[in-house]
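Chain naming follows the written order as A, B, C and D, and within any one chain the residues start at number 1.
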């Protein structure tokens, strides 16, 4: 399998602090790549660099061979890289289905002019149908018309996923998707993420919780202090001494 | 059949009742920027209408004032003009903002209804639209400056400064003043505007001081802004004489600008020593218990002129009233002794160009008339 | 679905729009001059409120330039027609072009600003516009504005009285249709997303700056077109109409009615425009005070706007769970 | 040059007034996030208070001033109690109280408009009309009084926020309302106090400027806009922000009139253009917030 997302030499400094240092990894087509690490390991910074929220100090990120580092977030989304937020960020003034339709924003072909002339109804209906399917897929089918402010935290997370899927991505970036979820919700989430990979959409998963991530990921990259300390299959990483050290160390510090 | 007859009788009764009064529309401003001027003028009109009614009304019918508040909004004002016409007003008196009066004209012109402003002084009101149903008896900005200049002739002014505010009337009068000064071949060495909301007029006065004029002309009409100007003038210890628009004639300066106005020359349309004024003030005090001022006089003269026109027309037919108004000559409260409103040769500005007076503040009091007319 | 006559499907919104137009325009023919005049101005306020609601309620941008654009439209059509003597269609196109140019000039740099900074820039713009009108000499007529013109004849017809009201009714219906269509499209959702959470919107592929610029330009142009129509309501244009006071009133209309809701904007505009007309005979010069108290009370009791009352009633009848 | 110094003193006094109005915004924005455009009307209320106490009843200046400012605190507190608290505690969006206060602007203005005649009402200078010369710097008593008073208020506000526990409580509420509540800070009290203090500061601005511009029913909105402009130019991050912004705005306004070679009518537009350019170039204000 070829690399869909290539990260080379990625570095980010905030003032004197190096949050991410010379990071290399890649996400291949259709795989689930997990990035783990203790608190402050640089996971979130890495995520935000790829998603375009932060500007990198150095390095290169290529998606499908094209450089995407330095592009605005909406351009990265338009290329087919969608994301979820760790703290759910629904659009509070819209029902669930419309939230999902915002995710499909870049996939609409109708111009404003044709919207004004009422020629975009067929496309709108088609997209709406497809959004309904996605709502169904993540298990929010009955809540499609509900006000998003009435959703529980776990349902909100599912909405984040449906919204990201609506952009017909080739890669989805998950920012700590299991954070704040109950065990049952985590199990359901894992199932959905496997389902996404089964649709041959690549997944990059940033996660703090090893117990959630390791059974799910195809490959794992471990970060500590902004640098990669290990990578490989979940089974290999689990027993890697540096990893155990980092995690035990970080737990001891709590 | 009986029912129809009853209905018809009722209709006739209603019509007769409607015939009872002569309806005069008044468009004023009770909440907006023109309120300080519109309210007293309206009070003067109400007083005048009562006086007429006590004496038996006009053509044996009572005058009924229909007062509407346009909030100084021109678009609302035009709608209210239509309302008054729908309600049967045969004449409309406008004492709100000048642009509001202007916008009412688009309606009165179309509906062929006589309209007059007894107070608005912007020159453009009769020049922009050729509306034969509209008259203006407020003293024009161009008359004000001509009168001031006639009085200042012996001072032999050559270099003068002009200051005004950015209200619409202030700008209009400023424009008229500039025209008058240029016509008199004076050099306007500096021209300043103090915008509404300014917290200091010092920079403007400094600039005028630097230009070193023989005199300063104040065209502004916003009292608070003029007080600000006079304060800066006093604080900078300036000495050149001030000649001011008719706004200085409102009595509020005597209390609101205490210690600031002594020696200021201003133009007025009101002579307290005129017998008609003395009579008006005495009855006004007696009837209302309040102290009248020149602003009340504008409204009073306005309703009197309308009553005269209707009397002369001998009918409430709008076309006849129009003709009567155009040929009217009438002496009222406003203007110099003996001044008469008239509209010669189809002119629609009725205030006699020689009917304004010049007065000077003595201490905080408005002094006697020191000059009359443009000669 | 597919078995239905596609023509019938496509005609529905058209028929609805035509119906609304006939009702709105037809009403004018049963009114006297006064009510027609108030009605015309009311319909124009409704148009403005609909556009402003899209900008403020749907897209979340607080701007006070709406009346400046209304004025640019009004003054430009008059100046182009009667001073430059352009033919009517060309004058209208030039007026719209002018609105677009000004709107872009304001919007493109302003998208860097958030929330109340845009409000302040547009507040300054609104005041500046009045300064320019007052100082515009013979071009704008200064404080007296421009008068003494009439709607030119188009194909030998001069629209007057209720017929001109019909033109305004058409404007309202067209504005409503355009805005509702936009609102229900990807563009409307993008606007709401930008309002609710710009960062999340960007992550979904929405170009936040571009969306704001388009929304601002579009609604400003709609205001400009409204202004062009206004110019022939009383056949005079003058500065006080286009001042900041009216911009605040427009904001109140949208808030009291219900920001983000087209029906709310209509309700707010109708109520607040007519309120002084009703109150003035009842309470005299206290009407402005009562107006203020009512606005505050409305916001206190219905922070989501009066449309909220309708929603609750509708919910009860539908039996759906209340919010 | 003498002109310049003289102008600078007058402009500084105007700037201090704008700064005080800006500070009134800031005192309320800090703990609540609410932009209260009715501060200009508060200044108007205090100016009318000054007219009644100082001009009509001729009370001694300090007594009249103290009474008026005391009443302003009550006005501010009552505004919060009646209009704002209900919305904040009901969980309404932030815009709701802002707009309700915009409605209160109309209520305040019209209350004055129906109570007093529409003419300007005189309010006396604190020390009468007169000039003070300090070397090349000369100005009116009132200008110097305004500058000194405003500086005193700003120093007081700075000390309050930087040096007192109560000030830290305000700051904490500003940063995170929920966390502040967990820390045992009484949110309601802080909010009410901020409105009371805002009204006092705005009222002081009104009292100080009233001898120049007179008390009248339309004075509020221009002050509200000037104060807000001062706040935006200076930035909300620091207490000194509105003062700096106010001074810059007043200087720009008055120096433009005095020295800029533009026709008089357009001079008033110059500060507006400057403001627009400034906002577009530096939307966060001059003073950045402390991190």
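Convention: a residue touches a chain if its C-beta (ideal position, glycine included) is under 8 Å from a C-beta of that chain, and two chains touch if they have at least 3 such contacts.
As the structure is a computational prediction, the values presented were derived from the model and not from experiment.
**Student:** Among all other chains, pick the one whose mean CA position is farthest from the mean CA position of subunit B.
**Tutor:** A
**Student:** When you take the mean of every protein CA atom shown, which chain's own CA mean is nearest to it?
**Tutor:** C
**Student:** Rounded to a whole Å, what is the gap between the Cα centroids of subunit C and subunit D?
**Tutor:** Chain centres of subunit C and subunit D, defined by C-alpha means, are spaced 33 Å apart.
**Student:** Rounded to a whole Å, what is the gap between the Cα centroids of subunit B and subunit C?
**Tutor:** About 36 Å, centre to centre.
**Student:** Taking each chain's centre as the mean of its CA atoms, how far is subunit A from subunit B in angstrom?
**Tutor:** For subunit A versus subunit B, the centre distance works out to 73 Å.
**Student:** When the centre of a chain is set as the mean of its C-alpha atoms, what distance in Å lies between subunit A and subunit C?
**Tutor:** 41
**Student:** Out of subunit A, which residues touch more than one other chain, so two or more?
**Tutor:** none
**Student:** Could you list which residues of subunit B touch at least two other chains?
**Tutor:** 31, 166, 171
**Student:** Check each residue of subunit D and list the ones that touch at least two other chains.
**Tutor:** 110, 113, 225, 263, 265, 268
**Student:** Once the touch criterion is applied, which pairs of chains come out as touching?
**Tutor:** A-C, B-C, B-D, C-D
**Student:** For subunit D, which residues are in contact with subunit C within the complex?
**Tutor:** 35, 83, 86-87, 90, 92-93, 95-96, 99-100, 102-107, 109-111, 113-114, 225, 228-229, 232, 263, 265-266, 268-269, 272-273, 275-276, 279-280, 283
**Student:** Would you mind writing out the residues of subunit B in touch with subunit C in their complex?
**Tutor:** 30-31, 68-69, 71-76, 78-79, 82-83, 85-86, 97-100, 102-103, 105-107, 111, 122, 124-125, 128-130, 166, 168-169, 171-172, 175
**Student:** Using the touch definition up top, name the residues of subunit C that touch subunit D in the complex.
**Tutor:** Touch residues, subunit C against subunit D: 109-110, 112-114, 116-117, 120-121, 123-125, 127-128, 131-132, 134-135, 248, 251-252, 255, 259, 285-286, 288-289, 291-293, 295-296, 299-300, 303.
**Student:** Hey, which residues of subunit A end up touching subunit C in the complex?
**Tutor:** Within the complex, subunit A contacts subunit C at residues 51, 53, 72-74, 77-78, 82-83, 85, 89-94, 98, 101-106, 108, 110, 112, 115-116, 118, 120, 124, 147, 150, 163, 167.
**Student:** Write out the stretch or stretches of subunit C touching subunit A in their complex.
**Tutor:** These residues of subunit C touch subunit A: 10, 13, 178, 181-182, 184-187, 189-190, 192-193, 195-197, 199-208, 214, 260, 323.
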